[in-house]
Structures are given as C-alpha cells and as structure tokens.
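Supplied in structure tokens, the structure appears directly below.
Chain nomenclature is as follows: A, B and C, assigned in order of appearance, with residue numbering initiated at 1 for each chain independently.
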Amino acid sequence: MTQLILEQALNGLQFGLMLFLLAAGLTLVFGIMDCINLAHGSLYMVGAYFVAAAAQAADSFWIGLAVGVAGAALLGLLLELSLFRRLYRRDHLAQVLATFALILIANETVRMIWGAQPVMLNAPDALAGPLEIAGFSYPAYRLVIIAFGLAVAGLLYLLVARSRVGMWVRAGAANREMTEALGIDVQRLFTAVFVFGAALCALAGGLLGPLLAVQVGMGESVLILAFVVIIIGGIGSVRGALVGSLIVGTADTLGRALLPTLLRATLPADTASMLGPALASILIYLLMAAILFFRPQGLFPARA
Amino acid sequence: MAFYQPARYQKPVAGALLLALLALPPALAALGHEFYIGFATRLLIFALAASSLNLVLGFGGMFSLGHAAFFGAGAYAAAICMRAGISEALLALPLAMLVAGALALLVGAISLRTRGVYFIMITLAFAQMAYYLFISARAWGGDDGLPLPGRMTLAGLSLGSDSALFYAALGCLALAVVFLGRLAGARFGRTIQAIRENETRMEALGYPVFRYRLVCFALGGALAGLAGALLANLTGLASPNLLQWTQSGTLLVMVIIGGVGYLYGGVVGAVVLLSLEEVLSGFTQHWPIGLGLLLLAIVLFAPRGVAALFGKAGG
Amino acid sequence: MAEVLLEVRRLSRRFAAVDALQAVDLIVETGELHALIGPNGAGKTTFIQHVSGALQPDSGSVFFAGRDLTRLSMHQRVAAGMARSYQISNLFLGLSALDNVALAVQGRQDAGSSFRFWQPVRSEQRLFDEARGFLEQVGLTARSDRVAGNLAHGEQRALELAMALATRPKLLLLDEPMAGSGPEESERMVELIARLARQVTILLVEHDMDAVFRLADRISVLLNGRLIATGTAEAVRADPEVRRAYLGDHL
C-alpha cells in the first residue's frame, strides 16, 4: 500500500510538472495578451510529432527532443508573426474562432502526414528499466521527467521573478497599457513569450511521448486540463500555474488510483464500481468549481 | 453593438423560406434524393442548437464554451424517456428541455459569478465534467452511448419516417425562431441586451443583473436540450460525443459565422457550416484543412459574420 | 430638526496601503441638497461608490430611510430609493434618448416584472409616456429620438440625470455632473439641479466651487479620506481647518 501511494504520488508530481510546462505558456498568453488560445494543445501535439520524427531520423531520443523543441519554437514564431499578432486586439470571439480553425488544420495536417495510427516514441534504452532505492522501485524515465520538470520550473521562476524580461512579463500581465506607456516593446515581448510557450509545449509533448501515445487529438484533452490549471491558479500568474498544476496533477492521479479502492471499502460493491471511475474523472472539475466558488479569480490573481 | 431590430425584408423572406422548406421532402422524394431529407433535418436541428447558443451569447453576451453539455443532456433525457416508455414527443421533448434547462440553471448559478475569460473556461470545464460523467455512466451505455428503441410519436402520429421527423424539426425551429424574435423586442430581451452592453449601468438602474443572466442562460440550455432530443431521434442514439467540447466549439463557430446577436445568426451559421462540410468532404477526406483556412479567412476579413455581409439587421 | 434620510456611520475602506476612507460619518436630511467637496484624491468618488453599493466597506454602515443597507447590492439599494449618476456619462449609446430613459423606467419595481418574453416593449405606451415626462424635466424633449451617442456632451449629462430620476429615487447621488462641461453647459446644469432639488434630496459631489456654493444647503469636506467639516456654506467657508487644509485662499 505504501509502495502504491508513494508511486502514485510520484506519478502525480510528474503529471503535474508536465501540465505546468503547458500551463506556464498558456497562462502568459492569456494573461499578458488577453488572448484565448485553444490551439495551445495543438502545439503540444505537433511538438510531440516533431520530436518523434526527429528521434526516429537521428536514432536518438535526446537529439530528437532538441530538434523537435526547436522546430516547435520555429512554428510558434511563424504562427505568432502571421496570425496571433493580428488576434491580440480582437475580441474573444475572433480568437476562439481562429484558434478553433487552427485545431482543425493541425489535426488534419498531422493525420495527412503521419496517418491516423499513433506514432511510436521510445524512451532512451538506458532509462528503460526501473530504478530501485531501498526496496522501492520506480521507472527511471519518469524520474528523469520529474527532474526535467523541476529544472524548467526553477528556471522559469528565476526568469520571471528575477530577470528584467521577467519583470516586463509580470508588468505586462498586471497592466499592459502601463507597460507599453513605459516604453517596453510589448510586441517583441509577446512574440518571445509565445515562442517560449510553444517550445515548452513541445518539451512536454516530447517527454510524455514515450509514456502516452503520440496521436491525433492528444492535444485537446490535455488542453482542457491546462485550462483548469490556469483557472485554479489565476490567469497570468506563473506561480499560480505551478501550484495549480501540482494540485490538478496529484488530485487527478491519486483520485484515479485511490478513489475506487476507497469507495469499495465504504460502499456496496455495485455502487462503488459505478461511482468510483465517474467520481475520479470529474474530481478536478469539482475541485475547480469549489475553488472558483470561493475565489472567482483563482488562487493567485495577477491583476488586482 | 446595437440592440436587435428586424430588417424590413426579414419576415417575407422567412415566410417564403418556410414555404419552400415545407415543400422540400416531397420534392426530394420525387427527385429520388431521399437521403438529403435526413441531412436537411440535421441542418434544422443544428440551426436550433446554434440559435439557442445565440440567445446566450448574442443576446445575453455570455460567452459560453460549454453549450454542448445541454445539447447532450437533452439527447440523453430523450433516450432515457423513450426507454422508460415515454415516447410521446409532446411529453418527452418538454421533459428533455426541462432536464437541460435545470442543468443550465445549475451550471449558470456557479459560472455566472465569474467574468470574462474565467466564465469561458468554467463553462468549458463544466461541460467537460458532464462529458466524463456520461462516459463513465455504464448504466447509460458509457462510451457507446444510449440507443433509442425507436422514434417518438407526435400527438400519436409516428415520426418514424424521415419526412415526418423533418417536419417536426422544422416546426420546433420555426417556433423557436418566432419565440426568440418576440423575446428580443420584449422586456426580457431588451433587458438582457442592455446588460450585455453595460452591466454596471443596469445594476445602477435597479436591475438584478445576475437573475436575468441566469434565466437567459437556462432558457438557452433548455432550447439546446430540445435540439439534442431531436438529434437523438434522428440518429437513434444519445452519444457522449454530443457533449464533447469540440461540439461546443462547433456551435460557437456556427453562431460566429452566422452573426452574433442576429435573430437568424444561428440558422445561417448552421446551414453554412454543415453545407460546407458536406461539400468539402465530397472533394477530399482532408476537408477540415479547407474548412479551417476558410474560418481563418472569415476571422481576418469578415469579422462580423456572414449574416452581417447581407445587409444589416442591427438598428 | 429635519428627518434623516441617509446616515453613514464610521465608513472605512483601505486599498492596499491607502486609507481611502477613514471612519467617515455623514448625514443627509430629507429635502436638502448636500454637497461633498474635497481636492482630487480625497475619496469623494470612493465614498459615492460605497454609498451606492458598487463597493463594500471594510467597516462602518450605511443607513437609508431607517434601514441598514450596508450589505445590500447596488440594485437592491436602487430599489430602496437611491439612484446615482456617473462622473463619465454611462449611457446606452446605441439607443435613443427615449429608449434609455424607458429602460430606466422599466427597471423600477412598480413598473412590473421584466420577465416578459412575448409582448413587444414598443406596445407598452405607459413606459414611454412616463419616459417622455422625465426627458421633459431635464429639457431634452426635442432630442428624445436622437441616438444617445450623437447627443452633445451637456445633453448626455442631462440624459444621465433623467435616467437616475426615472428610478423615482428618494435620494439622488450626483457624481460630478458638471465634469467636462463648458461654462454655458454648467450654467444650464446648475439651473436644472436647482429645479430638481425642490423635488428630491440630493447628495452632490462636485469640483465646481461656484456651483456648489450656489446650490448646497449644507456642505461636507473630505480630505485624505477623512471628513473634516460639515455645515452651511458660511460655516464651512469660515472653518479654520478647511481653510488651512484645502480651500486656502480660493474663497
């Protein structure tokens, strides 16, 4: 039982950190540019395909990861320059319509190039097995993901909390007009943030590739989770995104693993087997509703 | 945005269209294109669903990205009714509307405490929650959905034939459009449009804004439920896919294409989008790319929607 | 002693590190025109926001016609008989002047429920007749069919007043009705307010000292979130703290 809980807790941490990679970029695009980007999940999907294709061509996971992330960043740059730049000042309706269109295009293009079947992406051989520490075993690759996630979270913290660019970003999220009035080149800042967000998406997609299937539509389900994360955390707040990611990641993972067991211990078997999975799958949404009920602006509102 | 005012030519055009639609099933049958009666019914049903979202979004100014939940709830309510032996449409359809409306009331009561992007996201999340609930509800078929034992009867008459269902859907859509048209010019319609324009001012004039919003949201949900119940009859299945967020997105796209806040925005949008899909899919299996590019073009070059391209309906 | 209509007790509000309002006490008597003055940033608009219910105080209470309204929302306070006009014109710019006022009439509780889904508003003659009456009171009869967005600045201010009047308030909160007006427009507004003051109790926030001293029965002075004086124009003019802290040699 301890093994199970510890393992699930680590899984939750790992999932939460990957969600954070997605949510960090999304929350900034939302918060600073006031732009709803439904296609953020598509960047994650396309990024994962890039990594998978590059890894196959180079026969190395790590080279594939680097090339794939760079490719996604480039794609993000092109998208920002050609489309998103025109969307920032439009209303939410236009943003939703345009990014919904992007999802259609992305899903179908990927299907056209790589087919409808999931693409294989293997973890590096050296990390394929489990790691044993004091009688407790855990997949080595997942530990690497956790390490990556923590490193990126730390880097982002330094970047946002300590650097000059980070100060601009925070200022932009809190009050865009004022930041512009102070002479910050907001347009270039936007481009940089968007590209960075795209790179983080691809990083998450590439890292998760060996664990989940790389397939069409993988972006949509994770997109909604990323939304839940940034709502819980407060739109525009990177710290909120981190806290929200960890809450959602652990609640979802632990809920799925433990709720059915818990219910079976307390309820009749029939009811438990019906209720368990249902409750586990909506747990994070209930959590979000509860948090929003008491704090309609999320846990860490970026705007006062 | 100004308040809705019907264009002068609107009533005669709508009347002529209604007459033409009445003649459609026999005409298609005579030409041997019965298949298209089903397609036309689908158009009518989605026109109804999109119109219900237009009430919420266009008139009420509430940007809901979770409308599919009510659409799907209506479908499931109809399926459950029929499996319980209630197959009279005059009973089952209002029941479906009641269920969907009640769900919307619940979702709205929590969501409407939030504003802007938060509202968009929380409605999306609630719809997603409903989606997962239905998927994991094995008693209601889970992933596979809940099949209907047959079609409803209307005042004892069978809706078994495609033409009969077409006329039922046409009747529902016509009633809904007339209702929405009256609503827009009545006290309630002007109130919600004014709230859309300036919420604080309405509050300062003594209007309990939250209550009007909530009722509008629930009404939209109930109408979506009606559309869902009809669709379940058409396809013979209440599927969890109806509740997926992409479905909400599709309805939204319809309203935006058709013209937000125009009485016929939902109808025009549904017809344009579904026809486009139908035509494009005849050319290539990769039609979503074409559709996506077209939508991008609309965003960039026709920002007020297709309905706005044909004259103005706003006063 | 006249009857108390509005009584604000020890109203306090902090924004971050700023004490916007510090234990403000204020009484408005039925029938009077009470002016609230103070330099920029003194907390006048913040005060109005708290009285009208747009903001909630940290502590203190608002009594109106003997009722504690502190926890009531804005629309409930309007229903209780408190209406406000905005510093910046806050109208439905796409609607005609008449429609704007009709909307205000329609929102009143005695005008019936607005949960009516079928009967066109246009057929409700009573609403529009009454709305015309209010337009006449503020001198906008000739402009009633014009779209609010196309009205001149002074006319928009007057329309703002007509909408507030249409809620049939016991107390009218006017937030800088002269703001942005030229001398002629101001003069007309002063006359209009003087006429209205005969029918309804008014709490007036205004920068235009000339107007304030002509109109007000009593004046209260707010400085840095603190009420430093209340009294007749002469008393306030003579108050040493007021002279020192705010009015200086203007008067």
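The rule we apply is simple: a contact is a pair of C-beta atoms (placed from the backbone, for glycine too) under 8 Å apart; a residue touches a chain by one contact, two chains touch by 3 or more.
Please read all numbers here as calculations on a predicted model, not as lab measurements.
Enquirer: Looking at mean CA positions, which chain is nearest the middle of everything shown?
Expert: Given all protein C-alpha atoms shown, the central chain works out to be B.
Enquirer: Taking each chain's centre as the mean of its C-alpha atoms, which one ends up farthest from the centre of chain A?
Expert: In terms of C-alpha centroids, the chain at the greatest distance from chain A is C.
Enquirer: Between chain B and chain C, what distance separates the C-alpha centroids? Give it in angstrom.
Expert: The answer is 43 Å.
Enquirer: Taking the mean of the C-alpha atoms as each chain's centre, how many Å separate chain A from chain C?
Expert: It comes to 49 Å between the two C-alpha centres.
Enquirer: Distance between chain A and chain B based on Cα centroids, please, to the nearest Å.
Expert: 32
Enquirer: Of all residues in chain B, which are in touch with two or more distinct other chains?
Expert: In chain B, no residue touches at least two other chains, as defined above.
Enquirer: Residues of chain C that touch two or more other chains: which are they?
Expert: none
Enquirer: Can you list the residues on chain B that touch chain C in the complex?
Expert: So the residues of chain B in touch with chain C come to 1-3, 179, 182-183, 185-191, 194, 197-198, 200-209, 212, 215, 315.
Enquirer: How about chain B: which of its residues touch chain A in the complex?
Expert: My answer: residues 63, 65, 110, 113-118, 120-122, 124-126, 128-129, 132-133, 135-139, 245-246, 249, 252-253, 256-257, 260, 286-289, 291-296, 298-300, 303.
Enquirer: Name, in rising order, each residue of chain C that touches chain B in their complex.
Expert: Listed in rising order, the residues of chain C that touch chain B are 52, 54, 73-76, 78-79, 83-84, 86, 90-92, 94-95, 103-104, 106-109, 113-122, 124, 163, 167.
Enquirer: Please give the residue numbers of chain A that touch chain B in the complex, ascending.
Expert: Result: residues 30, 34, 36, 38, 83, 86-87, 90, 92-94, 96-98, 100-105, 107-109, 111-112, 220, 224, 227-228, 230-231, 235, 274, 277-278, 281-282, 285-286, 288-289, 292-293, 296-298 of chain A touch chain B.
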